[in-house]
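The block underneath contains the structure these notes are about, expressed in structure tokens.
Should a chain be cited, it is by its letter among A, B and C, assigned in written order, with residues numbered from 1 in that chain.
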Amino acid sequence: MRKLTLAALLGSALVATGVQAECDFDNPEPVSILANSFEAWKVVTDAMAECGNFEAELDNEFRTKQPTAFASSPSLYEIGGVSNSTITPLLNRDLIRPLDDLVAKYGDQVRPAQLIKFDGEVKAVAMMINTQHLMYRTDIFDQLGLDVPTTWHEVLRAAETIREAGVVDYPLGGTFQTGWNLGEEFVNIYLGYGGEFFNSSEPAVNNDNGVKTLELMKALTEYMDPEYLVSDSTYVQQQFQQGKIAMANLWSSRAAAMNNEAESSVVGKVGMAAAPAVVDGGKPATTLWWDGIVIAKNLSDEAAENAFRVALEGLDEDMVRKHREVAAWLVPGYEPTPLAKGAIESVQGGAPSYPSRVEIGLMHTALGNNVADFLTGKQSAEATLRAIESDYRTAAEEQGLL
Amino acid sequence: MNRKTFYLFVGPSLIMMLVFIAAPLISVFIGSFYVTRSVYEDVTVESCTPGFTTQTCTTEVRRKPIIKDNGEVLTNTVFVGLDTYRTLLQPERVKRAFTQGQWLEPFRTIDFYKALRFTVMFTLITLPFVLVVGLSIAMAVNNCVRTLRGPIIFVSLLPFIITPVIGALSIRWLFIGDGLITRGLEQLTGQDISMFAQGWTIELLMLFYRVWHVAPFAFVIFYAGLQTVNQDTLDAATVDGASRWERLRYVIVPHLQPLIIFVTMIHLMDAYRVFEEVIGFSSEAHVISLQWLTFDYLTPDDSGNRAISRASASSMLTMVGIIIILIPVLRRTWREHRTGA
Amino acid sequence: MENTIPNAMRQPPWLKVGTYSFLLFWIVVAAFPLFWVVVMSFKLPVDAFASNPLEVLFGPNTQSEGEALSLIDLAVGGFFLVVAYQLPVRLAQPGLALFAPGGQRFMGGIFLGLAYLVILYVGFGFLLPGITAALEVVLGWIPLVGLLAKPLVGITLEHYYAVWIDNTFYEQFKNSIIVTVGVVTISLTVGTLAAYALSRTTSAIAFWLLIAALVFRALPHSVLVTGYMPVFIQSREFFQMLWDTPILGVVLSAFSETPPTLYGQPLAVIAVLVAINQPFTIWMLRSFFMTVPKDLDEAARIDGCSHFQAFRQVIMPVMWPGVITTGLFSFLLAYNDYLVTSLLLDNQSQTMVPAITQYFNRETTATDQIEAIAAAASITAPLFLLVMVFQKQIVSGLTAGAVKG
């Protein structure tokens, strides 16, 4: 009799695992994650959800919510999805748990290169690299006999040819939306020129490199949709999908969308290449970002352990095999697709990491709010850079950095 | 009604307003004179970022806030007096611009004055449109066949009741990029039109949205008022040979006077708070409003920094503005109270 | 000519033409953006973002994917819509009188509302598809007329399905109902009490209270939210002090062992919204109370009622139009609020409006965007019903009271 019940139990357990596909253990406690919202996070959180008892909140405003949510006790979310910049506030307020013990216990499948360490402690597990790189319409380039540009000046020349040929509405797309996007474009190009943002904590953008960066940005806008100040990545992605633009420096996480047959009219016609450099033979003028998971500090050890196991389920080989086109994964078992070519070439070309430090947040905001004044012709380049420095200084003084 | 009963009746409402409106207001007021800074220390850290094959580890000096034993960030709060207000208002730059005769310079380059310029203009320009459009619809509906009135009122109310965020987006979709109406206009004029490429077209859209959203409110109020216009007076005026325009001017408008003041007051208060439009039409590059400025200071950047002091100061300045706008109404209420008491 | 018929309402033809064309223009302007949102929500992304407006309207791709409506569907559907609109407009008042004789108007109203929803569900869920299917089969046989039964307008419900079923939007709907009902009832209860007292005194305190309320009404909400944030996040530490006090602490611990976190609590958000809403409620209700003659409560007082009894039994019954109108404005405020709810509620207790901006913020494929549009249309639907049912009350309520004061 007893044997029979055991067999029945085993049977039902097997059925249960069959339903909860691919998860190695049955998650007993509710686990939730707050992360950015793009395709890669969707597939990763879907994989985590296979363990059951799991809820994902994917929101572009996560950077606003995360520090407050993690500060409450117990933390409102067990897992956080972060990138190299958004981890800064969590690190600074000491809201995330060191993961060394958990990695030692459960992290056989994690590669050492995925571990994000600060001061000797593992604070996050990275899952993918994201970077802005060149996407271009192979059919148009073939038709016009253009080579894939490797510098921004070649991009401008190609844009001129494409404009003259009149094959698309606008030769170039750009994520120039005022605010964070525009700031990011400045950071990319400025670093490409070899610029330094700070002299210790003092701002240092009012220089030749700053002026050159602004002028290059302005030259690019000549070839863009005049509504460039409201175009974010989604908008540029749609312009690509609808065949309205021929080139853009767009996030690699958007590459898969080009081949989405339900939405795109340019399936198979978009090529990927490294981000253009600003000078001949220079490094790609873009910054590298990683995305990964952290575990909240304000949790019991058991809850943290449980959450970490769920999180790793999302980052396993299985997921990567199924979704290899979605991102440039760092997870073992990943075989790059042609879509990842741009990201990989940019990394190999030596593109720098986004300089995550406390000051850059303030600088990024100042850039995002002021660069538009130069592009619309309200201010001269020097005045714009001065305004950026003074905005930064005001904010830094208020924060106590200066 | 004696004092005790009065307080019993008013109590719950009063307590709620004190706790949830007055208290935060006072804390914000006090906060605007202080600056809370985190205390940073320089630490040398080795940080490693991932790569496809290898990691790159760098050692650098970073600034890191000091964490107290209880896990909170160590801060020190200092009294700075009017410094934060000075940062916002930049009196020296304004003075310099004025002495050089560049009167408009501050309104183009300094955030606060930019926001002030737009907010005030937005409020003042939309007001007459809301009143006139509202009154016109009310008169038109009042003049139309009875059976049609119900459906027309129903449709007219839609822009007013709809969730503002959604309303703004529904208009935005018609105009952005190659939106339906932009395309129509392009075909009509044969020109390439980009409504979101320059400041003034965005401003135009924002004005349009606000009038679209609020005119129905003015309409219902006026329509309700028109139902109580004394028919005999109107007939008498007609007998005396008053033209339609004169009847409107001398009978109907005076009758609606209190309502016009009511709508004006509500509209001034609401339009001065303009915020959804800036978000909905992503106009940050060209025009910003006062409430958006506060919101922007409150929004943390990637590194988690919020400009709380500047947010407090700018909300206080916004408050001053609203009180200035309300002065006529307050004086009128005061006079009524005096004569009534 | 006009002088011979002294009728101010008589209109010359030019005025009639002008009036009607102006109204037509206004109706188009008022309804078109929303109409377009609804149209887009029923199409596949390829159609919804097509550059030809006719393609958006007829949705050829959506049609070829399967579902489509014929002219017959549209005609019968239109007829049902008209009936659905006329039903509450015509029958609400007599129905209320039938079901709620005497003082139970409120319960009667709720009952009627529910009944209406059931009728809608049966009508649109079963009757409409049945009738159109039958008509199409019958008419499809007749040549020429059969064209009417041909599919014409592509339509797909998949985005609504995705929003409501896959993404469990009903959770947010439930939260919205909790917050909205909470705000409306509490705000009206607290507000009528205060407004009544304020309308019956001329003391200096009453005056200053009203002035303060006026200024509060004008406050930008971001100012208030600045003040709330820290308290809400760290409420547990704040409340710990209360829990630690000797006697009170014991009492409080009986309710819950640890003090609550306000962040993410619908009750806390309701309290905040009620407070924000109070100034307007008070002013509006006060002007309604002003129209109720003071003799009425004095008469009741002479009959031996206390102030509260007079208020409840004599004043309130004649106040319903005012309460309903004010209630509607409270409803709009609570239902449409974005700033407060998005900052103070967490994922589990989120209402629909902040949830929808999450859709827009979501990394957006075109499908996501249409889902966002479908969610937007879903949010608007209850507002639609509300105006339909209460339209008469809004106008008559405003005519009766507030606007005179």
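Here is the rule we use: a residue touches a chain if its C-beta (ideal position, glycine included) is under 8 Å from a C-beta of that chain, and two chains touch if they have at least 3 such contacts.
Here is each chain with its UniProt name: A = Sugar ABC transporter substrate-binding protein; B = ABC transporter permease; C = ABC transmembrane type-1 domain-containing protein.
The model shown is predicted, which means the values in this text are computed figures rather than measured ones.
J.: Select the chain at the greatest separation from chain B, using centres from the mean of Cα atoms.
T.: Between chain B and the rest, the longest centre separation is with A.
J.: For this structure, I'd like the pair of chains sharing the most C-beta contacts.
T.: Going pair by pair, the biggest contact count turns up for B-C.
J.: Select the chain whose centre, defined as the mean of its C-alpha atoms, is least distant from the mean of all protein C-alpha atoms.
T.: The most central chain here turns out to be B.
J.: Averaging only over C-alpha atoms, locate the centres of chain A and chain C and give their separation in whole Å.
T.: Each chain's C-alpha centroid was found; their separation is 39 Å.
J.: Distance-wise, how many Å sit between the C-alpha centres of chain A and chain B, to the nearest whole number?
T.: Using C-alpha averages as centres, the distance is 34 Å.
J.: How big is the gap, in whole Å, between where the Cα atoms of chain B centre and where those of chain C centre?
T.: Each chain's C-alpha centroid was found; their separation is 22 Å.
J.: Got the chain A residues that touch at least 2 other chains?
T.: Expected reply: no residues.
J.: Mind pulling the chain B residues that touch 2 or more other chains?
T.: none
J.: Can you check the complex and tell me which residues of chain A touch chain C?
T.: 32, 34, 36-39, 41-42, 55, 57-61, 68-69, 71-73, 76, 234, 238, 241-242, 253, 257, 260, 262-263
J.: Given the complex with chain A, which residues does chain B contribute to the contact?
T.: 35, 37-40, 43, 45-57, 62-65, 67, 71-73, 75-76, 84, 87, 108-109, 111, 176-177, 194-199, 282, 284-286, 299-305, 307, 309-310
J.: Help me check something: in the complex, which residues belonging to chain B touch chain C?
T.: Against chain C, chain B makes touches at 1, 3, 5-6, 9-10, 12-14, 16-17, 19-25, 27-28, 31, 136-137, 140-141, 143-144, 150-159, 161-167, 169-171, 173-174, 178, 180, 183-184, 212, 216, 220-221, 223-225, 227-228, 231, 234-235, 237-239, 241, 244, 247, 258-259, 262, 269, 272-273, 275-276, 290-291, 294-295, 298, 308, 311-312, 315, 318-319, 322-323, 325-326, 329-330, 333, 337, 340-341.
J.: Note which residues of chain A are touching chain B in the complex, please.
T.: Chain A residues touching chain B: 63-64, 67, 84-86, 88-94, 112-120, 126, 129, 177-180, 201, 225-230, 235, 288, 290, 292, 297, 328, 330, 344, 347, 353, 356-362, 364-365, 369, 372-373, 376, 378-379, 387, 394-395, 398-401.
J.: Quick check: in the complex, which residue numbers of chain C touch chain B?
T.: 2-3, 6-9, 11, 15-16, 19-20, 22-23, 26-27, 29-34, 36-37, 40, 51, 53, 56, 85, 89, 190-191, 193-194, 196-198, 200-207, 209-228, 271-272, 274-276, 278-279, 282, 307, 311, 332, 335-336, 338-339, 353, 356-357, 360, 376, 379-380, 383-384, 386-388, 391, 394-396, 398-399, 403-405
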